[in-house]
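Per-chain residue numbering starts at 1, and chain names A, B, C and D are given in the order in which the chains are listed.
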């Protein structure tokens, strides 16, 4: 029995290839994570275990897809950057988004017990995803800066809010006190009322998480005389540092690439 | 600190809304499942536990997304049909595909132990996904028929192939014996050599799995005198039957809808 | 000299194929025709010469593209319907739109002198265009009804407005008198003040223009004895009738097709 | 009478906005110009009148759309470059393509008599068009180089072919003599057999046509004492020069822009 009679239905699949030679960012976002975090008793304003679990899932993505050269995570959101020159899966948006998001979600459940050993995961989480093209390095950096500024704004707000609520204010009171206030006011509030120096909070909360490959000196074997043999090996690392200023990118030139070819100069 | 300086990057997100008033099919497909099935010792040609696990994941999708009115699964693949009139997530392709595929993959890991109690899952699976629009009921049915015919063709081939290999033939010999042969030849081979009556194999292997909502009579309470009170309730059910002929659709008219409005007549 | 070094730039052309088996409507619209109509002294509220010139251009489109089965024109706008099953130019949106719109615009200049023999065309007009898919016959008819209702609403408004202005009211006065009023009020105004019976205005103004192919009895030759030999031949005709009710479509079943195949029943 | 009942059909218009901050190239191409050139007796291998008419149409495009910063024409084809930063018509592909192509086609008919005073235009020409995004300056230049190399290859071939045919060879003989031969062979053939020095042929044939704005010293008035007052004014100019090497772009830095902002450095 041939299947040819029905095969015409394949023609309804339209191309969703993304523009070549642009940075592809795949951003995924936990669906309904306000409830998910309540059900699982996430600490407020930040739960370090949940953030480290997100980073573990991101690591799985970088290990599965060599063309993902960078990731940035904050809260229940992660952005993955595919190399400008990547042609993986013919740059088809649905393919890329679905593989990243399903691997991320499956890993989230797989690794849950390591980060929440005291609590069973109650139900399967899901994530939405999208793919966006950025045509140049500066615009890609502006995208990432946008996310890191957002991390900062939200974290500062949430730190104030939850400090107020946890010290006895009602949610409405807490909101009224801080909404529309400037950064300085919030920092002063945290300091004067709660003894919190905002800038000394853990960087993972204030800066989010950067994930990328870095050549690190690694012990590859130990000689008979006990001398370790080290070699530079590419490792996936997670850091919590500023990515808005040039410093990070200058120290890690291989992420965006410094190819000398005419095409990548632009 | 305002985020407005960087917010222009949002303008790079282009719309991927799907054409209104068409059936949306989201098809997902296990990535690298040949290896996944080997690592986890799936039975050949079909592993019923793995198929039932897929169905369990599909159930999670139908329970999470009321606009998904039908699903069809075969092997490591599942197709989900969204109602023509659905406007969920503004019909954005990436949103729809990512939510379905991540929920499916996360559920796969969540429910693994129920179906494979003797074996730990070794690594997180991933799935690719795509969204395709079908403009009319007959074309949607042709799409589903295409998948069920494919199920049949593949299952018949695989049943022959693995019978031969499990009875001592080499993979190459097995291939040479059956490639290019007609259905009748394969049925005869199965019967004469292995005593297998193809049409008596479990329907889940031959027909794949249909998942949909059906009004079923359900006991909602028991009266004091012991008389059970039943009511018609909509249940998600899984069946393994023919969907190519009209019978199934006639018996389940609510799946595709029989709305009498002018717009849905077409 | 080979051109291969630069040919990679072709890969940046992304597909814009439209969904198969849907009606494609290409709607074009005069760009800046308020000014164009002033410069060329078009009569207000309607200039029959200009409308007939538009119809002439539409005729050129139907003669050039056999898959265009219907057109509807109003003011400086025209909608062309491509058959559901058409695969012309692989249903690529840009191709279809550009060929229709350029032929239309070029014909507009070519035929100008026939419709405006007393006035030279002052500058080249341009038109914008778009392609939209409609998945079913009723929705396509709703699209066309939308345009014809628009024709009616605009024509009624404009007839009142210009009657008032031409009888001495200022534009602002005219607007104030009619804006927000109902159809009955406008009809009454036209009748009582200007002796105009709206329903007796030329159908080309009230109904717009329908263009399509119709089998007409045509004299193909004259016998020696003077008897004309007639045959049914397909002719492109322009009419000005109601397309909202069923009558027109029942009388012209071949436009949308009455194919009995399973696929077109939907 | 409200039109709201049918207005839902507008929701079927899907967005076709092009990626921001990329060069948009709109390339248009004469449809069926082999026949058009025969019917109108175009000289072979090149008809300078037809090429100059194309350039006149391109001029109309640049004058109508200030965001078109460059055009390149060869044979019956023209490419128009929109500035990276342009947001005209919200960068909608169909809008841009349709306006350019319809203005071009209408101008072609309008200006025909100036370039072909001895012959009436026989029928309306049409053009197909497409819009393609190029994410960086070097890739845009590669695109334009691709077209100019194509111009050269085709012109060299056609010059040989028509010289042979016009000197008595049959089309088949001419083809057989030159197909697959290298540039040097063709140049030698032209020189030895027809006394043609390829590099001395008119640049408009060998290089195609570049159209862009250039600040030119223009006489804006003449003083009473007869001294002309000149000022730098931006003029649309047409040249026929090399655009593959850097020289042209260095001499005309304003075309691609030398903006010093972070965003345009990439």
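Quick note on the criterion: a contact is a pair of C-beta atoms (placed from the backbone, for glycine too) under 8 Å apart; a residue touches a chain by one contact, two chains touch by 3 or more.
Protein identities per chain, from UniProt: A, B, C, D = tRNA(His) guanylyltransferase.
Remember, it's a predicted structure, so these values are computed and weren't measured experimentally.
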item	value
Chain whose average C-alpha position is farthest from chain D (tRNA(His) guanylyltransferase)'s own	B
Comparison of A-B and A-D (more C-beta pairs in contact)	A-B
Whole-Å gap between the CA centroids of chain B (tRNA(His) guanylyltransferase) and chain D (tRNA(His) guanylyltransferase)	52
Chain A (tRNA(His) guanylyltransferase) and chain B (tRNA(His) guanylyltransferase), separation of their C-alpha mean positions in angstrom	31
Whole-Å gap separating chain A (tRNA(His) guanylyltransferase) and chain D (tRNA(His) guanylyltransferase), where each centre is the average of the chain's CA atoms	45
Sequence positions of chain D (tRNA(His) guanylyltransferase) contacting 2 or more other chains	12, 14, 19-21, 133, 139, 142
Topology of the chain contact graph, where touching chains are joined (line, ring, star, complete, other)	complete
Touching residues (chain side chain C (tRNA(His) guanylyltransferase), partner chain A (tRNA(His) guanylyltransferase)) in the complex	11-12, 14-15, 17, 19-21
Chain D (tRNA(His) guanylyltransferase) residues touching chain A (tRNA(His) guanylyltransferase) - in the complex, by the definition given at the top	19-22, 133, 135-139, 142, 262-263, 265-266
Residue numbers on chain B (tRNA(His) guanylyltransferase) that touch chain A (tRNA(His) guanylyltransferase), as the complex places them	1, 3, 6-10, 12-14, 16, 28, 31, 60, 64, 89, 92-95, 97-99, 101-110, 121, 123-134, 139, 142-143, 145-146, 149-150, 152-153, 183
